[in-house]
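One chain, chain A, links the two complexes that follow: it is found with chain B in the first and with chain C in the second.
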Partner chain A sequence: MSQSPSNIGHHAPSITAHPLFVPRRFFRLASALTTSFYALMVEYRVEIILWGIATSLPLIMMGVWSEAAGTGEFTLDRVGMIRYFLAVFIVRQFTVVWVIHDFEWHVVSGRLTPFLIAPLDPWWRFFFIHVAEQLCRLPIVILLLAGSLLLFPEALWGDGETHGLWTPSWDRVALAAVATYLGFILRWWMQYAMAMGAFWLERVSSAHDLLFLPYLFLSGMVFPLGELSNRLPESATLLGMTIPIGSLVYELTMLTPFPYMLWFPAILISTEGDAALGGVSIPRAFATLVIWIGLMIALQRFLWRLGTKHYSAMGA
Partner chain B sequence: MLRYTRTLYACWSAAIAAEAEYRLNFAIAALIALFTLAGSLLVLALFYGPNASAESAVLGGWSFYEALCVTAVYTILDGFQQTFMQPNRQQLTEMVREGQLDFVLLKPIDPQFWLSTNRLAVFGVPNFVFGGVLLAYAIGQLDALPSAFSIALGIGGIAIGLAILYALGFLLATLTIWFVKMDNITLAMNALLEAGRYPIPAYAPAFRVFFTFVLPVFFMTTVPAELLTGRDSPGWTLLIALTTAAALVLGSRWLLRFSLRHYTSASS
Partner chain C sequence: MDRRGGVVSLPDMPAVIAENLTKHYRVADKKPGLLGTAAHFFKRRYKTVEAVKGVSLAVEPGEIVGFLGPNGAGKTTTLKMLSGLMEPTAGRCEVLGMRPFDRRPSLLAQITLVMGQKQQLMWDLPAADSLRINAAVYDLTRRDADARIDELAAMLGLTDELTRPVRKLSLGQRMKVELVAALLHRPKVLFLDEPTLGLDINAQTAVRDFLRTYNADQGAAMLLTSHYMADITALCKRVILIHEGRIIHDGSLDALLDRFAPFREVALEFDPAEPAPPRERLERFGEVESAEGHAAKVLIGRDSLASAVGAIMAELAVADLTIHDPPIETVINRAFDEGKGQA
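== the complex of A and B ==
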């Protein structure tokens, strides 16, 4: 009677003991959860198309940036801009995360309770429903990409001058794919860590809208981040000190987790060489990704432990 | 008429009282509005480069401060959409799903009026304030102050923009009567409306066509800013904007009536 669901979870011989990685069990669970959630998500095909449109901001921004590229000194030219934003759009499709809304609903409606009794840490379910949704999204992404290439054939063929056929090398594509998925994992754990606030707050998702803003503006979704050091004033004087605004803002941005969620993989696919990375080497980018993922998982585990102790199963 | 103003007063004071419970939410919403605006200013600053106010810095024929007017008008429209449209749309979806729409239809009041004004979300208000302040600032920085006539025309233009926004939103919301789950279609439309943050002539040709003839974002934010700044004299554009707005508002009335004829309530 006095035993709260969270206590049961702690005593059960469960994945909570090794919450993150137990190889054989991992693959069995991953495939079971993905296939069953896939069946669930296929029901929402039309909605996934609408979500695809709802995440088309990079394509809208491509419309302005590709025109602006002809009017001044930018880090990318017209074709470069089109390729960059197409790449952002694709990466974005595989990094859509809504776990905070899902988790909040489960906590507020008390539906988290049965998950706590099950011998499986709930993050599995919340995570693999995203993986299943990405599988459903795949054909839609291919269609949207084909449509965009029809509208902007020069993205594929090049302009016959500085750009040839868009053929990123295989190693760049492979790196970009890994970076995209790490970016998704980072964004997922970051949001899941924030979602733990639902144990204490009733509407944690509205606080999350605040976190969406740095993501919106610092991830490269609305402008290629290289423009920060390129287009902001080079320096300004404050209290007698000369501050290199452009490069300072750029360097600070690169310390945050956000550029590696969209900008980094998109630059890998859409450009060649290291010039467009603006001093951020590929190893440094991956190291930043991994460090942030580790931090977010640690934060989530900590808040989870506190939260499940505090959780009284709504209405109990 | 008196009945309508009294209904409005009753509904809105109840809505404000209910919202007052979530004061932290209001503070968060104000912060979000502020940061979003700061973000779009950053994007504009990047478009125009370090010498933004120089005459050579133009984007699709628009100077920095003229483009700022467009962003300001967008922010005001966004405030309108958050304050008045979104809560009512949410309510309509819930009502259709739970069969409560019947009770609205029985009320001795125009259903479209009730369905579009019943709720009010206070946390959209900061956008009105920030948009208004930004607009006043941007106008003050223009090379030539617009005449009183231009400003009056501009305010008319904003009203037209609001009418188009309202009609489009209501048209889509009405579709819930047929297809119960339609929340995501408005999500998709709002994402496309984001294009209105920047002057439509600054976009690539294909985008200009789409955002003028398919989704009339051009008439919602660019035309009001054109009229305000005196870039454009009232002529064909204004006439077309007015016609578009009138057609869409009438269309939204017609679609509601038409869909109500097919409405069979949740139980049947």
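== the complex of A and C ==
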């Protein structure tokens, strides 16, 4: 040894690193990750087909609600319901997130270790494997959608009375596409933030099941959220005060992140005008999405810093 | 300056420095059986493991250092702290002038950690796909990446293994491909944790030769743990011995032999026409390592070697006699036994 450890700190080297968000590097990374993970997903094509079928709950709900809507007691009529649930089905295909299971496995098996010594935050890999899976899922979505339109042709052609050909305007489609992807990003970061629990818990995915319940009911997957204010009692008296139950529940629901993951983009595609949004303006919806995404990223970064310190003790 | 990996010039500075590095962590302490499980459910008990206790070391650029110790001695924990996977409980360390646990991209672009028991390649795809990702992560152009992959593959004797699914490769082939993935960015500092673990002799030799060539070509510093002494004697002029979290030797292999093996092994073959001498008679000359039939091995202190050999030749019917250093395994075991006594 020519130098003792007490020389620590002397002669710090000058190091130049490429910033990650240089467009050239971003596209090279995004392309390499997406294409490699696409190849991986194609290896699992049978699983992808099964996942596609497994996420067809909105199509089942479409059958149930389209019959119920025939009574005329709901905010959407029969064709409106069919179009809504078809839109939910499409949006759902692009917002499927399983990062918590993937991350948990990487932590528990020690496979996270190589990612931690690479100069790229691991979220890139976990995110782009979802993007690749969406691409792989696309043909299955198209097939399922075509099948649904065969079963319910009025969704496309209309009923010849109140509904004509389903032709949402381009600006509406563009807004829905942006909302869908923001909804995916929100759901992804929310689940990824929760996945950080894997640093402390062996089976954090079990805890995640708790989050699935509000997602199921407040995202609009099981019923259009307009029914919240429509079906609940308009008001109730408590301690002498009149509380507008229906609108209160609706407003509180709209403050949560869940409606923006499915309901909001689906309403944009399946309806015209802002009536079905029930008082939630489009700018407000996008602002809520962005705020929730920001909060989830901040939470994940905070938990990541704590978790990577704790990972030490787990046999990294 | 390296245009891609970010660069470094480190005049007069060790590539790796650790000062009083210490790591303690808590592990769950559960008793077996139903009662133990019930007790563990309601109240978790933990114990603190002192894995590393005040380790200080330095590795110069271009140096290959063997880091030896029995299982649980603290080798891997030390490597994990030096590579930034673990934050030390106390003490400090620097690699290329930076604190590893900060995980600055500029540092991570210049180091690698190869763990024989862990892999980074995607199991279901050909290694070439994982290498494409690594090339992008380290910001290599396709041309540079291809050139480096070809170069590393040639050094390791890989041909079509890169295009076969990783799960179809043998352990040796997989380790070689792991090395390509780990060294694609031409790291300046390599932490190698049992890189030859489980490999057959040919694969071990290939990996050893590769590491020696890489070290010569790139001038990279390497800290290597291995249970195979052939790795250490082939690659390392200097060894660090760690036992129960503490360093018990840091110096050249020769110094290790002088310190822990101040004796030579004398192998004897006796005249088969004569009766073999009894063990008690051999013990007069030194420590009898083995004595079977007409062959024996005796450890004799270096100071008394000449006189003892003279006496053996004069008193016993020796047909053949050879003198050599004891096997390195014997020396290391003696060092650890001594370390155990100190601990």
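Operating definition for what follows: the second predicted complex is superposed on the first by the 287 of 316 C-alpha atoms of A that agree within 3 Å, B and C clash if a C-alpha of one lies under 4 Å from a C-alpha of the other, contacts with A are read in each partner's own complex, and residues count from 1 in each chain.
Assume a contact is a pair of C-beta atoms (placed from the backbone, for glycine too) under 8 Å apart; a residue touches a chain by one contact, two chains touch by 3 or more.
A quick note: this is a predicted structure, and the numbers were derived from the prediction, not measured.
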item	value
First, second, both or neither for A:66, with chain B first and chain C second	first
Partner chain in contact with A:248 - chain B first, chain C second, else both or neither	neither
Touching partner for A:110 - first (chain B), second (chain C), both, neither	second
Contacts of A:36 with chain B and chain C, given as first, second, both or neither	second
Which partner reaches more residues of chain A (counting touched residues only), chain B or chain C	C
Contacts of A:118 with chain B and chain C, given as first, second, both or neither	second
Touched partner set for A:145, first chain B, second chain C, both or neither	neither
Of all residues in chain A, those that touch chain B in their complex	47, 50-51, 53-57, 60, 62-64, 66-68, 71-73, 151, 203, 206-207, 209-210, 213, 216-217, 222-223, 227-228, 231-234
List of chain C residues in touch with chain A within their complex	1, 4, 6-14, 17-19, 23, 25-27, 56-58, 60, 80, 83-87, 92, 94, 96-98, 103-113, 115, 118-120, 122, 124-125, 129-130, 132-139, 250
Chain C-touching residues of chain A, taken from the complex the two chains share	1-18, 20, 25, 28-29, 31-33, 35-36, 39-40, 43-44, 110-111, 113-120, 125, 309, 311-313, 316
Partner chain A, residues of chain B touching it in the complex	22, 25, 28-29, 31-32, 35-36, 39, 42-43, 45-47, 49-50, 57-60, 181, 184-185, 187-188, 190-192, 194-195, 198, 202-204, 206-207
